[in-house]
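Below you'll find the structures, each written out as structure tokens.
In the two assemblies presented below, chain A is common to both, partnered first by chain B and then by chain C.
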Partner chain A sequence: MFRELYYTFVEFLRTFGALQLFFLRLLSHSPYIIVRRFGLVVHQVHNAGALSLVIIMVCGLFVGGVLGLQGYSNLSKFNAEDAVGAVAALGLIKELGPVITALLFSGRAGTALASEIGLMKATDQLSAMEMMAISPMQRVLVPRFLGGVISMPLLAAVFTVVGLFGAHLVGVTLLGVDAGAFWAQMQNAVEPGDVYEGIIKSTVFGVVASLLAVWEGYNAIPTAEGVGRATTRTVVITAISILILDFMITAISI
Partner chain B sequence: MQQTRAVEFGTGLFVLLGLAALFFLTTQTTGNNAFSSGETYEVQAYFENVGSLKNRAPVSMSGVTIGRVTAVEFDPVSLEARVTFVIEQKYDQIPDDTDAAILTSGLLGSQYIGLQAGGSETYLEDGSEIDLPFTQSAIVLENLISKYLFSAGGEDDDE
Partner chain C sequence: MNDATDNLIEIRDLDYTRGRRQIFRGLNITIKRGQITAIMGPSGTGKTTLLSLITRQLRPDRGSIVVDGIDVSALNQKELYRFRRRFGMLFQNGALLTDLSVFENVAFPLREHTKLPNRLIRHIVLTKLHAVGLRGAADMMPSELSGGMARRIALARAMVMDPDILIYDEPFVGLDPISMGVIVRLVRQMNDALGISSILVSHDVQEIAAVADCSYLIADGKVAASGSPDELSNTSSEVVKQFMHGMADGPVAFHYAAPNYAEQLLGRDVE
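After this line comes the complex of A and B, so read on.
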């Protein structure tokens, strides 16, 4: 039994190390792709970002709206309904914006990346590229990775702003909080550091979510079942990593 | 070709929207640019104890915010806290014997500087100082409690 545990541990370390090396390889190829083949990256920004916009905006609207509702119903116990803007803004900017966007991003774009790359591998397209002396790393993996990294902070920002308008819609338009107090309290409470914290978080989450999606797809077992499993693992591992990282970044920045 | 153009258009729109959202977040949700535009003049006030007064705390007069705290330091010469704050230039007729007190907004709110106008004919100007008889320190809860406890104890001793 200890032997098995030991092998599991060694295997985990090996996978973890391989992931780091894979990340370094992606990074080392990135400058070349950015300078020479930016069109590929633009295409992936479209796939990962522009096509995720609808789900991000709809979810943002409702998350902001629910913050407005909850904030209002709890704050009105202390006669502090005006603070609903501050509560919603701090929650959205620091936590919900980056985290929920990352989870949605992993579900909407990460799975697409993983299954696409996995299927390319299963149908020997990656091998075919290598036969033609085209590096799949450069042609397939790096643009997808970079596309995700660029899209994620932008998506998180859109999510947060739409969420704020959702909170405004519920708090001010439906429940009758004063619009001036709503924004003034928000501007008093939110400091530039909070916004930077949100941007840093969403950037880190973008790197992690894209890296894991590309990695899982590239290492999928090249069968129908393997691709399916890779897709599932992408979501599960990304969700766990993001929530742990979120805790760590928050702990550092407080 | 047509499809590439559509992709490029969608991507451009998305990036533009994202950048606009970032711009909105950095400028509209934070209150850091409230006093960056107008002309201001700088005043220094010395306090025995500033409590938890922070940078960018409001300076208010009759409840209206007329300025911001820009620095809270310890002055090693006078052994007091030196608070530097700016007041908007349009409020340039504040008497120079004005009182400055560190107050708390609400029961658990943040601290701010409240100015109480004096009767002098000369006005505060850039580089003016408000010194100790005209400043009132922050009320520290622990000091209040200990004062109360010790005075109660003293009465007991007397009896």
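After this line comes the complex of A and C, so read on.
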């Protein structure tokens, strides 16, 4: 029993160590790709970012709307409906924008990355590249990783802006909060530090979500079943990691 | 006696274990420069594994592999990539890149390794596609190709960098008789006209007899027989006869190692 726990723990440490090494390898190849092959990265930003845009905007709109509704009904108990803009903005910028975007990103783009890379491995495409003396690390993994890292903060920003629009739609247009008060309260409440926190979070989440997706795909067992399992693991592990990291970053910055 | 310089690839005392299964024990193979060497053997004997070992996608447990005087296991990453640029390899299932068109697949090594102008790349790619009879498929995506077409495109890609050594893993599977004839002739022509050395893995005894200069039959982790196709078909060895004539009974087991058939059917192996 203790023995099994011990082995599980050792196995975990070993995987974690390998993941860190993998991360360092990705980073060490990144400057070359950014300088010499930026076209590959742009292509991946399109794949990971542009294609997630619609789902990010739809979700942002509704999350913002819910914040407007909830904020209004809670705040009106204290006759403070005007603050609904401030509450929605703080929630979106610091928490919901980065976290929900990262979860959606991992579900939409992360799974696509993991299954694409896993399939390339299963059908010998990565071996074929190796045989053509072309490094799959540089040609396949690094551009996809960087594409994810660049896309995530941009998507989080879009989510936040659309969310504010949703909150405005519900709070001002539907429930009749004064528009001037809505924006003025928001401006007063949001500090630059809040925005920085949001940017830091979405960047960290972007690195983690992209890293885990590329890692799971690259280490998938090269069969149809293995690729399927890697895809599922990507979503689960990314979600757990992001929620834990979110707690840690929030705790540090308060 | 300058035999040594004629030997392109020398494999000595090779052992290799995959999982719990020992695939090679004490394998010795010599591949001569400028020839077409065929590797034959029943399914699952490790022919694909042997090709991976030669190109160091895998490392042997024991023994040495020397290619043109270079000890393959001593190469570092940079040397390995330079070494691999001398090879063209046709994978068993084609291994075309699924997100690129047929044209871009063939152009891929050129674009990655050279700075040739687009016009020249186009010229080279179309020439190679024409040689495998698929110039008309240039704009298709790999998902739209049949298995045989994909393998011919992969052959065009393997040739595009003008390698010294071409490796074919089962090039004839899934080809109709016409393309088969064309590909067999292409393999022969490239070998002779361009001075390439070729390694050909195949089950197809007749095609091998038509094209190979020398062939090795691998069974049970060792070379069971070797020689020119004529020598092999006239041999008295039981193993060779069995393989050449496709018989299920003989020294080579058709069945993968398994418990006794009757016992297992009767459920006696499960306690």
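A few comments on the model shown:
By our rule, the second predicted complex is superposed on the first by the 254 of 254 C-alpha atoms of A that agree within 3 Å, B and C clash if a C-alpha of one lies under 4 Å from a C-alpha of the other, contacts with A are read in each partner's own complex, and residues count from 1 in each chain.
We take it that a contact is a pair of C-beta atoms (placed from the backbone, for glycine too) under 8 Å apart; a residue touches a chain by one contact, two chains touch by 3 or more.
For clarity, every value in this text was computed on a predicted model and none was experimentally measured.
In the three-chain model built by superposing on chain A, chain B and chain C fit together without any clash.
In the superposition on chain A, A:Q125 makes contact with chain C only, while chain B stays out of contact range.
When the two structures are aligned on the shared chain, A:L164 is found in touch with chain B, with no touch to chain C. Contact with chain B, but none with chain C, is seen for A:I199 once the two complexes are overlaid on the shared chain.
By the document's definition of touching, of the two partners only chain B reaches A:Q187; chain C does not.
In the superposed model, A:A224 makes contact with neither chain B nor chain C. By the touch criterion defined above, A:V10 lies against neither chain B nor chain C after alignment on the C-alpha atoms of chain A. By the touch criterion defined above, A:H46 reaches chain B but does not reach chain C. Within the superposed three-chain arrangement, the count of touched residues of chain A is higher for B, of the candidates chain B and chain C.
For the pair chain B and chain C, the model built by superposing on chain A gives 12 Å as the shortest CA-CA distance. Overlaid on A, the two complexes show chain B and chain C touching no common residue of chain A.
Chain C makes touch with chain A in their complex at residues 52, 55, 57, 81-82, 84-85, 87, 89, 91-93, 95-98, 108-109, 112-113, 161. The touching residues of chain A, when paired with chain B in their complex, are 42-43, 45-46, 49-51, 53, 89, 93, 150-151, 153-155, 157-158, 160-161, 164, 183, 186-188, 190-192, 194-195, 198-199. Chain B contributes residues 7-8, 10-11, 13-15, 17-19, 21-22, 24-26, 28-32, 34 to its touches with chain A in the complex.
Note for the complex: chain A touches chain C at residues 119-120, 123-125, 127-135, 139.
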